[in-house]
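Letters A, B, C and D name the chains as they come in the text, with residue numbers starting at 1 for each one.
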């Protein structure tokens, strides 16, 4: 296992400690509940925004705790949603008179923990609302299945409600805005390699040198199909063919275009994909309002990338442009 | 080769086009000289700051062109400094009455191209100064060798002179500030895996599953030694033992602490290293003024990390805190 | 199965916890086929505490004991398994109440309460390729044996063995099923052809319990 | 070696360029041992243009021809090789001037000018494990042969073959050297034990030129 780790079971706590130490006092860490939160929260006048998902998707979601984004994160172990207790204790600690917003990626584990956690909070008289992120078009969505997964689109949900909540929006308003983002965001991911969860110590799956996994899940779950690895241009075609008709995104739409690295792909390649996608969209009359090229939601060191489109209106555009202060930065 | 590429020889141009398209008009791209530059430069009142190094180290240096950082970058192919002509044409295009500053990483190829390019510029009557970045303590430095390599410390040189030049500093002042950073910055890198240059299509070197390369060069050049892979804590010990005594960094010093990913290592692991290093430094009375945990200077998708320390004084602290607008961002 | 003392409940819980800890990697491997490979590790986070702290648990009744286990699971186990297994223990605890001795019928009531809890919490029905597909037929078999007049003259040794064997076979029978719940469901058709991790774990755990039971009571 | 017409210069340059393009991967592999594996690819960026555009080059004198090649290299080749090889051609061009026919002595003067240029540009001396360690002894051998009265009665066929052989042997002899220049120097002691990529390339190129020369003049 080619990793910088001590005891693999301490990977998540040590990472959280590192994030906190790097934050210059802006974040606090509560080891008991794997909890990272803004040192200046909760605040009377602001809804507290919380996410708890599996670890291994960094910078999502533990490294986007900060002003204008999440107020707290309580991750589980690598690729495992947090225990119910973490959700409950985090919500209690962050409780605000304006309420608490749970942003939950649509995985059964995350959902169950947050449903039960919310019940426990409500029994304590707290006001809690939930947003369910499900942007992954790789998964067939229907009423009798568990529905789509939440993947990189999660970032836009957090960015929009984070900005709105800094502006003072109340809980209902945040739910409205969050659901607007969710209704307008779609993602497809493609993996070129597997990844190695620290505790497991070996690859999650095998994939041949000339293969790719189309529609990969961010926990290494198999996707739509395993195919031969094709060129960057053909890969963008596959991504757009899955994402664009799904909403559908149409001529005249304005979008935020995200190329998200899954962890092991160098950013140079992400920009290659970006350039191709940008040109294809503009050629189809879909205007790129803003670009997002980086790692936002990863699967440890998996080589691969996802493409996310968010259809924006004036409200969302303005929220996306608001400032945010998070751990990840270049300067 | 597990990469998002079309024709591998078009990798760098396609990447540069992507960066430019993502910039919303802030950057321009001149394919003839692999040149990316700020659309609002050159300016009468500002020294133009230029770097041209090999590609494959993204975000360095093509993705840090922007206000407060580089004004232009003319990369060569992956791991090859740019041809002389690129340097000359880039300098001419960016020429300003206040002069042009070349920031050169200390590799023979980069140096030769920039020396010759500078000679050509000076024959045209331009004023050019050069900063030579050489922060890699893995390389023995002596007057009869080619000297140390420039690696992730390059970021701090660019950040400081970029900020100073936005404040209006003249060329001599920028040289003074840049050399102050260079005199106070030290780095050591450790690789856990190799990387695959797109044109080569295969690994640059072989490394066993239980090995690491201590003092790796960012072009995959072998380092001080090949040893058994050890724990994260022991790795930080090795890094600090190489970096701290070199300046030396001493009790009472304030430093910027950078943990730079080499490309294939997930950011969660970088934060694990950061936390360990932060605590060890503080325990030794060296205060961490500011944290830098991300990818700054990579070797394509190589798994690994480097640790950089920059000793800061009031002037450097203030310059580091100035804003900068570059391609890489989270929001 | 004659009436069971707290001692017997200890045996079952300790055996279960130890079996889970011992099979961490195996269970995780099962979950890597169409899942995300964390199942064994997630369960271990809770059950290793059950192993290490068991002696400190309040044993004043079966209910308090099961509740404590349920709290440990809810507090330590993430993923689907935390809420599912946590709910199972908490519902079992409620069904057991302050009893300190259980009849065979009590055991079935408790297990049925756990199953109902799992179904309510996770929304799964039989045939959706979850641990229910092993657990439910096993409890059915156990109940059939225990209501059969001749079935309990051996302290339930054969009844338990039969329940374990049913679970093992039922786990194997999840192979051709299409996963409709949990992470495996995202893979659609590709979930067909491999056994469900949770169902297999139920089989392994029941076999261990049956063996331990036979050793004590056989 | 009798007087050489522009035709012969064409033969040498075309052969050299084609050899480099044909050996791209081999040269790059040599550079991956203690370097960064780009040497062959960097050279190709320039010499493939020499191959494809040769017919368009101004051939009014040896000087203009070599200058054009020098410009192509400086404009297309990155890394150490661009400035080193570019300088070599530009200095060779200056030494050749407007000559259209070269004597054996002219050839040596031109090659010496190229070598001096490489040394000034890159600061390397002999024995520092660079291409100079093959190029300089090869030119020495060529000069010795050409000044030897019997050495040129075959249009320099044997002289060139000898120079090529010297280069090949000298390249092999870089193996035990410690690299003091270029990227390989960063590795210190670890550079010992493998041949220098640039020196090996000189040997390969000279062997090709010698073979082509023999075919035309032998």
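Note that a contact is a pair of C-beta atoms (placed from the backbone, for glycine too) under 8 Å apart; a residue touches a chain by one contact, two chains touch by 3 or more.
Since we're looking at a predicted model, the values are computed, not measured.
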Quiz item: What chains do subunit A and subunit C have as common neighbours?
Solution: none
Quiz item: Which chains contact both subunit C and subunit D?
Solution: none
Quiz prompt | Intercentroid distance (Cα basis), subunit D paired with subunit A, Å | solution = 55
Quiz prompt | Inter-centroid spacing, subunit B versus subunit A (mean Cα positions, whole Å) | solution = 29
Self-check item: Rounded Å distance between subunit B and subunit D, as computed from the means of their C-alpha atoms
Solution: 33
Exercise. Classify the chain contact graph as line, ring, star, complete or other.
Key: line
Quiz item: What is the complete set of touching chain pairs?
Solution: A-B, A-C, B-D
Quiz item: Touching subunit A in the complex: which residues of subunit B?
Solution: 2-6, 11, 14-15, 17-24, 55-56, 58-59, 63-64, 68-69, 159, 192-193, 209, 229, 231-233, 235, 263-276, 278-279, 288, 290-291, 293-296, 298, 300-301, 303, 305, 320, 323-324, 326-331
Quiz prompt | subunit C partner contacts - residues on subunit A that touch it in the complex | solution = 54, 76-86, 107-109, 112-113, 115-116, 138-140, 144-146, 149, 197, 199-200, 204-205, 217, 219-223
Practice problem: In the complex, go through subunit C and note every residue touching subunit A. | Solution: 28, 32, 34-38, 41-42, 45, 74-84, 86-87, 121-122, 180-188, 190
